[in-house]
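Labels run A, B, C and D following the written order; every chain starts at residue 1.
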Amino acid sequence: MAKLVVKNLRKVFGDFEAVKDVSFEVNERETICLLGPSGCGKTTTLRMIAGLETPTSGHIYIDDVLVNDVPPQKRGIGLVFQDYAVFPHMSVFENLAFGLKVRKTPKQEITAKVDEIARLLGLGDLLYKSVKGLGLSEIQRVAIGRSVILDPKILLLDEPLSNVDAKVRERMRSELKRIQKEIDIATVYVTHDQLEAMTLGDRIAVMKDGLIEQMAKPDEIYASPHTLFVAEFIGSPSMNLFECELIDREGRVVLDAKDFTIDVTDFAETIKDTATSPELVVGIRPEDIPLNIKKVSPKAIRGEVQLIESLGASSIYHLKVGQKSLLARGFLEVKVGNKVWIMFDMDKLHLFDEKTKVAIW
Amino acid sequence: MARMEQIVKLAARYALLIVVLLWTLGPVVWMISLSLKPPTEWYSPNIIPEKPILDNYINLFISTVPIGGTYFMTSIAEAITRPFINSLIIASISTILAVSIGFLAAYGVSRYKAGGTFTIFFTLLTRMIPGATFVAPLMVYYATLRFLDTYQALILLYTAVTLTYAIWILKGFIDEIPPEWEEAALLEGAHPWTIVTQVTIPLIKGGIAASALFIFILNWTEFLFALVISVTQVITLPVQISMYASAVGRMYGSQAALGLIATIPMVIIGYVIQKHLITGFTFGRVR
Amino acid sequence: MRRLKLLSGDLGEAGTMVKLKLVNVSKRIRKEQVLKNVTFETGDRELFVIAGPPGAGKTTLLKIIAGLVPLDEGEVYIGDEMVNYKLPVEREIGMVFETPAVYPNRTGFENIAFPLRLKRLSDGEIKKQVHEVAEVLQITHLLDRKPHTYSGGELQRVTLARVLVRSPRILLLDEPLKNLDAKIREIMRVELKRLQREFGITMIFTTHDQLEAVAIGDRIAVMNEGVIVQVDAPEKVYNFPKTLFVGRFVGSPSMNLVDCTFREADSRWVLEAEEFSIDVTPVKDRIVTSLTGPELILGVRPQDINLGEKPTSEQSIEATLEITQSLGSEKIAELRVGSILLRALVPPSFAMKIGEKAYIELNREKLFLFDKKTENIVVHGLL
Amino acid sequence: MRMALRKIAEWSRSPKKFGRLLMLPLNIVQNFVLIIPFGIMIFLSFTTWHPLAGVEWWQAPISGISSFAKAFSDARFHWALIRTVIFVAGVVPIEFLLGLGITLLFLGEFRGKKIFTSIVLYPMMVPLVVVGLSFFLMFQDYGPVNLILLKMIFGEEKMISWFLDPTLAFLTIMLADIWQWTPLMFLIIYSGLVAVPARLIEAAKVLGASPMQILRRIQLPLIKPILTIALIIRGLEAFKVFDTVFIMTGAGGPGTATETISAYIYKLAILYNNLSYAAAVSLILLLALALVTRVAIRPIVVKPE
């Protein structure tokens, strides 16, 4: 059975429903990422699991035991806060030992355990330094070590990298992944950064407005987003999305996006079956748009390069197609103002119902 | 079991709270009680007066009426009205001066690192040393200037002494404004003075009000300098109280009434600026 | 068209060239050398990015350009004019600070109107200009609201409007996107570039995020510890880093760096790392000419490592796959070769299992060699 | 006038000059009201001038350090000093401990917390002279302390003349100070504790610390700098004690049993008209306190984190 089970969790603050109905399971040794924009209820969910907030309704099970009424310190959870909340007036050793000390663990046992954890996390040389002088990456390790030393059943991390700047974040993300492998316990990780979720999570739960929109493996969530929101939120640069209408024209079925059309005659049946109306949204990822300087196919659509963002190895091209702006990623020797030809590959296309916001293709 | 424990804990907490309450309010309750009692009840342990009267208050406003009726006449100088107005004038003007001058200096220290270490040390020193050490030279100095027993004497003195508070409290507020907000205006062509009036002051209006009220309290309650400098013309309320207290004979009722009257405005102001009190009393170093 | 009109209306000298030039600018703050001989020149109407880690001196540099901080040595020129002794306002520079200069006690309109009120323009004129700029930035709906109701992106737009309404000759932006959410940051950076083009303004932009820098900069000055290390177009900075610092700073994921020794073995010249060596005999001469010692650092971008399940040549390096991280459009594979850890960027279809042996093929054309002592580049490409 | 203003406006555009302009009023007031008397103090302390001496003070003959010599052998001065130090040493720790105790009582949520807090803070807002007056009234022979409190404890009408006994009189003055300033200590400690970031407390809670452990191991150590400052400031403040002494024991009675240093200097200058000696004593005290301030100033000027 799963390590952590969350069932129909709901939380209301005054007249604001922060978490509406959230259910998920975390298996042994699995990392789940709760991903969503600020205000989506992910942190509240985490705090309820930790026992720092009381759910308005719903159940939380840890190791099959209902813990709704169990105080935080007895739930067997480790919690790492957004800015780590290490105790600034203590040394690394004292921070790591804190949980054991307040439990009145014998001195030798404390020393032994702290040594072990410090070795595991590479904090050995810093044990007797004050945490005030440490770098962020070391503080992160202290915060994790402090929780892990108590052998928690589940580790909860609340946006641990959100206040770190880009270069450092990249390094610390790798380090987290490494630590995760090292300590190997069930983890719930909250973040608003889709890249973090993609790289660290075994599975990702994308949240919006207090609900989970989709929960799946990173690759799956990237390749086939279930809702419009997930499609937009995952991936950088974002997926291109256009409103369009499904119409029959001269015996063919096409998606008419005003400035261009896409022929979908071959798939018309499936689309028509699932769509609630002809109003659809078509989506395509920037890297799935092949760019060409020449018109290589009659289906190709003409665009004009408006802006080029160079990312080093590849570039993002901001194209104007009719009245629409569109992003494509790749590498092409063009300049701003040049004409390029693009193609839409049906395999790479995503279709969403405009009303229900749900994927239909 | 656990429930029982909780109830006991709660009961203990409220019991202790009531002890604290009695300790805090005891002196006030007794003052109120005394101020409503006729002389015949002044020596009774009852807190509720048998025959409550307002005479003790009324007598404060009559200068020549012997206080306490049949009791021994004392050297009470005058009705409370003059000292009350004196206190009001002196406290208000010196508050305005201290806050204005203090704001400028605080702004200079915060933004322009102006006024070297000596000024800062000196302002701190004026706060730390007992006022009594200045009594002797001040007497001599003011006598030479023919300032004794004048408004300007106390106003100047209060301004100088409370400046320290104004500077440190206001500096705390100014420090919280991001300097970028002012630099932006500078780039846009504002004169530094325009920035002060258009950007800084509107942003810390609340802080200025709070520090003004706090300094008003200090001025209103100042005793030592007033005692030394006011002789007959500019007697302030605290000095008036001291005259009652050291008067020959027993006038408990009027003493209590006077004390209460002097306290009421302070308590009102105190609660208005409750959250700024620490800042004031600890120099703006603790918030 | 409308936008251009807005510009030419106020900016009388819109036709003249607006370049910014710094010559040997140095600054000490409390005994610390914050800026050391900073020299660069922007092009006319260029988006010039100053990129560097926090603490590199970027903010101080901008404040010196704006005239808010006095400099110790050197000269600042706007156009051909030396402006060292000019007051900030006379320099006609607009600056967007990291902390948005939007006053919480005033509405959006009053904030944007603030600089115009200082100029004592008539109410009608102020209203007209504020609305014009608000329309360009699509913030008309924010004008009547107070800043605490704005989102991060909206706050940034109002800040920009307040600066642009003065039609400055040069616009300085100090980490304007730092406090925004990742998604909004992406949108805003494009928006900024678009504005810069449309207003035809010289823009100097600082950032600690190399991605932001290469994405929108016409040219980039990479800065470290008060020194400008390299000024170049984004592709140049990426493809031809002048120093180890630039190589490491630009590019995501970061460049892999491997310590190695340059030496002769069996009449071949090789770069010898701990677990592998690379034959560099063909480019030996190029290496030797700019060397201070045999200790070198080999730089390989994750994009330039190819992985195979079997060795494809004698040069293939055996490694163990330790971790894979999915980025959606690609994956990062972390590989161990002895004590060396290498990161490679692989396609999403990459399916090797953790713990398996993988064979690394380095794209020799794209390798970098840095001198370990001077940290300067020795050679780009080992073909 | 307009021209002059414009000139000043132009001149003050430079930051340095504008900064100097901002400090100008402060410097004028300080020089005029404080620095000059300070100079007079120094001058007077080297003379033996008396208001009835027949010469103006600035014509008084310099008499060297005789006043200082006198101060070093003046037992009354020494005792006033010692008494004041005892007062500070007695009052400040008690206020701190009581403040801490009341803080513990106020941790957590309970009904009526707001009202209780407001009431507890009340004494701070009472003017010092009124505090003196109310304690003066409380401790009268027929005051409530004798008539109600002692009767409750001893069961008989034990009549204590508080202000006639040297020790008891001193104690009542201390009590008045404790009554007034314990709330400030409470306020400082309480706000300090509340300002400790919630996440640190939550972190400790999740790690298994009990509320008492959190207080002792996390909250109190974190507010140590604040407490240090509070104690220093309160100590210096208590050293000034005068108003209550003046009201309750007529500035030092019985005899000189409650004569604090402020009261002594006041008497020297005003009652005995011995201005030169008063100035000398003031100067000694001032120099001593300036030294203390220099040391104490450090934690105050350096803003706590």
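Here is the rule we go by: a contact is a pair of C-beta atoms (placed from the backbone, for glycine too) under 8 Å apart; a residue touches a chain by one contact, two chains touch by 3 or more.
Note that this is a predicted model, so its numbers are computed, not measured.
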Shared chain contacts [subunit C and subunit D, defined touch]: A, B
Selected pair, greater C-beta contact count between B-D and A-C: B-D
Euclidean distance of C-alpha centroids - subunit A vs subunit C, Å: 26
Inter-centroid spacing, subunit C versus subunit B (mean Cα positions, whole Å): 57
Euclidean distance of C-alpha centroids - subunit B vs subunit D, Å: 14
Residues of subunit D engaged with two or more neighbouring chains: 13
Residues of subunit C engaged with two or more neighbouring chains: none
For subunit B, residues that touch 2 or more chains besides their own: none
Touch-based graph of the chains, sorted into line, ring, star, complete or other: ring
Pairwise chain contacts, counting only pairs that touch as defined: A-C, A-D, B-C, B-D
Touching residues on subunit B, where the partner in the complex is subunit D: 10, 13, 16-17, 20-21, 23-28, 30-31, 34, 42-45, 47, 97, 100-102, 104-105, 107-109, 111-115, 119-126, 128-141, 143-144, 156-157, 159-160, 163, 167, 191-193, 217, 220-221, 223-224, 227-228, 238, 241-242, 244-246, 252, 255-256, 258-260, 262-263, 266-267, 269-271, 274, 277-278, 281-283, 285-287
Contact set on subunit A toward subunit D in their complex: 50-52, 72-73, 77-79, 81-83, 85-89, 98-99, 102-103, 146-147, 150
Interfacial residue positions of subunit B with respect to subunit C in the complex: 178, 180-181, 183-190, 194, 198-199, 202-203
Of all residues in subunit C, those that touch subunit B in their complex: 63, 66-68, 88-89, 93-95, 97-99, 101, 103-105, 114-115, 118-119, 162-163, 166
Touching residues (chain side subunit D, partner subunit B) in the complex: 9, 12-13, 15-16, 18-20, 22-23, 25-27, 29-30, 32-34, 36-38, 40-41, 44, 51, 56-57, 102, 105, 110, 116, 118-138, 140, 142-144, 147-148, 151, 179, 183-184, 187-188, 191-192, 195, 226, 229-230, 233, 236, 239-240, 242-243, 246-247, 250, 261-263, 265-266, 268-270, 275, 278-279, 282-283, 285-286, 289-290, 292-294, 296-297, 300-301, 303-304
